[in-house]
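Read through the structures below before going on.
Each of the two complexes below includes chain A, the first together with chain B, the second together with chain C.
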Partner chain A sequence: MSLRLQSVSKISNGETHIYPTNLELQKGTMNVLLGPTSSGKTSLMRLMAGLDRPDTGKIFWDGADVTKKRVQDRDIAMVYQQFVNYPSMTVYDNIASPLKIQKKSSSEIDAKVKEMAELLQLTSVIDRKPNEISGGQQQRCAMARALAKDVGLVLMDEPLANLDYKLREELRFEIPRLFEASGSIFVYATTEPEEALLLGGNTATLWNGQVTQYGPAMDVYRDPLDETTARVYSDPPMNFVSVRKDGAGVHFPDGQLTRLNEDLASLSDGEYRAGFRAHHLEMSDNQSGSIEFEAELVVTELTGSDTYIHVDVMDERWIGLMPGLQTFEVGQALKICLDPQNFFYFDKDRKLVASPNRKPEESGI
Partner chain B sequence: MSAELRADKRPVARSRRRVRVGPVVMAVYLVFLLVPIYWLIIMSFKSNSEILSSFTLFPDNFTLKNYRTILEDPSWYMGYVNSFIFVSLNMVISLLVALPAAYAFSRYRFFGDNHLFFWLLTNRMAPPAVFALPFFQLYSSVSLFDTHIAVALAHCLFNVPLAVWILEGFMRGVPREIDETAFIDGYSFPRFFTRIFIPMIAPGIGVTAFFCFMFSWVELLLSRTLTSVDAKPITAIMTRTVSASGLDWGVLAAAGVLTIIPGAIVIYFVRNHIAKGFALGRV
Partner chain C sequence: MQKTVNQRAWFLVLPVLILVAFSSVIPMMTVVNYSFQDSFGENIFFWVGLEWYKELLQSERLWDAFGRQLLFSFIILMIEIPLGILVALSMPKKGFSASICLVLMSLPLLIPYNVVGTIWQVFGRADIGLLGRLLSDLGISYNYSQNAFDAWVTVIVMDVWHWTSLVALLAYAGLRSIPRAYYQAAMIDQASRWSVFRFIELPKMRGVLMIAILLRFMDSFMIYTEPFVLTGGGPGNATTFLSIDLVKMALGQFDLGPAAAFSLMYFLVILLISYVFYTVMITVDKDEAKP
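Here is the complex of A and B:
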């Protein structure tokens, strides 16, 4: 089982929703589509499902062209962001409905439905109608129906987005378990980098209808191949500063200079965008080799255990993650520091040339 | 301080006054609405002489003779049977035609869909009388005159557009994702439509059927023009009961009461959804 998209694109009303995309998803893999709202996650999924026809390109399932195959005849299941169940049927009948269509024997259906209900903790509400159970249960019912079908490709379009925090946590841990049990190809769309990392598997980052990178989650996170991917796969988005590199080291816009250690010395001279993640922005200078900047505090956000600070530094707006609850005055001048070890360097074409665990040589520069 | 007190008191005083006025207005209005119906009902239990001779709020000599006349005379009760036949036929045809049409309007975009949707409604802007002449001539020449199906088809001209509009409103309230989920589950279109979609818009179908009933049951002009004996509706019979001895007031009143009853029964079943129907399903 494998799903292959071959230069698939989608244009509707003169607007390009999906630029020509090539993607190959292998048997038994978890694939996360990560991107902000309206980046094309849902459009791409609808193409994979066959709910929409691509304007160009072909879709192959197990090597066979399924581009024009009806939705009914495809080996797929889908869970929507909205809790979609058949309101006139009980939970039991909802889960059983795809099995009845497949003309399974009633004992087989009964066993499967009970198994799915058990797996998704729906046994106690199995005789109720969808509008008589909680939102979390409704979404679990939708998942149970999708998984009961035993298909090769399970599509989940932000299934947890409409749930409250507690239920989301709960289901987030269930999904990898369900995935393991099913052995299908999972495609999971989300806007949260954290969720993509938690689910693991492969991540495809999307931006404006383009897949910017596809690969194992940790690889994409550690080495985002361009600035856009780095922004998408970082919450809060990655901070950037324009720097100039020459023989002496790296010059910052405020005139500060930092020497590069040997492995970055081979970076060719020129202008770069240096990026770093929020948790690498620090307050106190206790590490040797870190650079200090004057910053002005714009906003603080308390999350409970941590504090996000938004600061203005050298015409850039940076977001930092501080441990604990910090109290600052808005407009306060702060001294912040960064360790150049944590920098990602992107060239003029916004391509990654060096990252904390990737040296310039490896990227072929 | 005093300003605060006054501000506190004013809403209380106002709400008290509202409590007193409200029920009175309501009661007056209800009486106003019910007087003609009450009058019709008591007339149906009076004899002709009592109706014409004296002013009584309650029948002096309570009689069921008027009702007996209607239920024993085929020329009377066949009117009800005829009305029922063509109203039912009309409801079934209207729904069968309007359900797929409304689904198409609610789910697909096609060339000129908005114009067509609006154009449907313009059919209702012409008075039925306009169509009496063409229908009469057409049905006479294809020998459909004085049949139930003739009246049912004529009423479809007005009921199908209305049914499409009401059903489209109800269907639009069903998320498209339900359709897609059903197709992904493997449902064929007809199976999805009958097993999943129809149960979801059942209230809408009920309301649509009611509106078709309401038009077809009370419509007089077309049904009278297109029938003579075999399919003559009750409303037409009621307008022709001037006998040699003058108007038979009591029997007419009884016929009126019997004509109201089916409507009252039908409206009872859709009472919770009727407002949405008047708004053409768009609430």
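Here is the complex of A and C:
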């Protein structure tokens, strides 16, 4: 089983929703579509599902062209951001509904429904209607309905977005378990990098209707191949600064110079964009080799256990993640520190040339 | 805690008290007063107690009108609710055509009741009316002023023409509020059109349909102007519904006592049926999915 998109694109009302995209998803894989709102996650899923026809390109299922196949004739299941269940049916009947349409025998249906209810912890509410159970249970019911169908392709479009934090965490841990039990191709859309990392599998990062990178989650996170991917796969987005590299080292716009260790020495001279993630921005210099910058605080956000600070540094706006509760005054001058070890370097074409775990020569540039 | 006594607050509720007194309490109590007395000219009244109520409850005339009324409301609901849903289902979902449809649908609702009656009175006439003439040219005998059945058909068709839009508009609003994800999910589930209607659209429309049924029931149960203009309650008593009968009694015969008793009973019946209906609606709502 595999799903292959071959230069698939979608344009509606003169607006390009999906630029020509090639993607191949293998049997038994978890595939996370990661991107901000309206980056094309749902559009891409609708194409995979067959709810929309691509304007160009072809879709292959197991090597067979299914581009023109109606959604009713494809064996897929989908879970939505809203909790979609049949309102007048009990949880039992809801889970059984796709099986009844598949004309399974009643004993088979009963066994499958009970198994699914067990798997998704719905056994205690199996005789209730969707509006009599909690939001989390409603979404589990929708998932049970999708999984009961036992199909090759399960699409989940931000299924946890409408749930509160606690339920979201709970279900987040259940999804990989469900996925392992099913053996289907899972496609999961989310806006949160954290979720993509937790779910593991492969990540496809999306930006403005384009898949910027596809690969194992950790690889994409560690080595985002361009600036856009790096932004998308960081929460808060990656911070950037323009630097110039020459024989002496890396020059920052404020005139500071840092020497490069031998790993980066082979980087050719020129202009680069250096990027680093929020948690690498530090307040105190506790490491040798750190560079110190003068910054002005713009905003602080308290999350309870952490503090996000937005600072203006050398014409750039950076966001830093500080552990614990920190109190600052807006407009306050701060000294912040960065360890150049944590820098990603992108060239003029916004392509990655070096990252903390990749030397310049390995990137092939 | 110290309670502050502020008698001036009474002045603030005074306007509403006066308004309600004059608009409903005083007229209502006047009717109650009439219903226990017999009246003669020159404002002479005699106390008769429950006499009018007893008499009315035994009167065949009232029970006949009541029966006709129930039958009428039943037929109206049986036609207008399914038809309204059907119309709503076949209306365009968006765009310019949807707006056109909505405007066209609301036109009948904007026409005054007596105008509706007049329109149909002319429309159905065998000599000059479009419908009446057409039917008689086709060889179908049709005369709403002579034939009781024809009169009923005309009154019902007229009401359907006038009020189905209301049901359709309510149902349409209910349908539009269903998220697209439901339809997609049903498509993916390979559900049939009928299943989509039965298990998604109908349950999601429940709330508005209940309101539509309640509104149409109350309105049709109180129908007066349109049949009065069209047939005047005839032929014979064929289309004499409760309110037409009531007006005949109060103004035609000037029997104020019985008419007052009649209107109070009429009022209580509507109140009772609406209350029962509302209660059923609420309990069913608890059992079943909310819209």
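FYI, the second predicted complex is superposed on the first by the 365 of 365 C-alpha atoms of A that agree within 3 Å, B and C clash if a C-alpha of one lies under 4 Å from a C-alpha of the other, contacts with A are read in each partner's own complex, and residues count from 1 in each chain.
Everything that follows uses one rule, which is that a residue touches a chain if its C-beta (ideal position, glycine included) is under 8 Å from a C-beta of that chain, and two chains touch if they have at least 3 such contacts.
Since this is a predicted model, take the numbers as computed values, not measurements.
Chemist: Clash or fit: chain B against chain C, after overlaying the two structures on chain A?
Modeler: Overlaying the two structures gives a clash between chain B and chain C.
Chemist: In the superposed arrangement, does A:Lys129 touch chain B (first), chain C (second), both or neither?
Modeler: second
Chemist: Quick check for you: in the superposed arrangement, does A:Ala77 touch first (chain B), second (chain C), both or neither?
Modeler: Both chain B and chain C are touched by A:Ala77.
Chemist: Is A:Lys114 in contact with chain B, with chain C, with both, or with neither (first, second, both, neither)?
Modeler: neither
Chemist: Based on the superposed arrangement, let me know which partner A:Ser88 touches: chain B (first), chain C (second), both, or neither?
Modeler: both
Chemist: For A:Pro98, using the defined touch cut-off, is the partner it touches chain B, chain C, both, or neither? Pick first, second, both or neither.
Modeler: Both partners, chain B and chain C.
Chemist: Go through the superposed model and pick first if A:Ala49 touches only chain B, second if only chain C, both, or neither.
Modeler: Touch partners of A:Ala49: chain B and chain C.
Chemist: For chain A, which residues lie in the overlap of the chain B contacts and the chain C contacts?
Modeler: Chain A residues touching both partners: 49, 51, 71-72, 76-78, 80, 82, 84, 86-89, 97-98, 101, 145, 149.
Chemist: Help me check something: in the complex, which residues belonging to chain A touch chain B?
Modeler: Contacts found on chain A: 49, 51, 70-72, 74, 76-78, 80, 82, 84, 86-89, 97-98, 101-102, 142, 145, 149.
Chemist: Under the touch definition given earlier, write down the residues of chain B that touch chain A in their complex.
Modeler: So the residues of chain B touching chain A come out as 175, 177-178, 180-188, 191, 196, 199-200.
Chemist: Applying the document's contact rule, which stretches of chain A touch chain C when the two form their complex?
Modeler: Contact set of chain A toward chain C: 49, 51, 71-72, 76-78, 80-82, 84, 86-89, 97-98, 101, 129-131, 145, 149.
Chemist: Under the definition above, what is the set of chain C residues touching chain A in their complex?
Modeler: That would be residues 179, 181-182, 184-185, 187-191, 199-200, 202-204, 288-290 of chain C.
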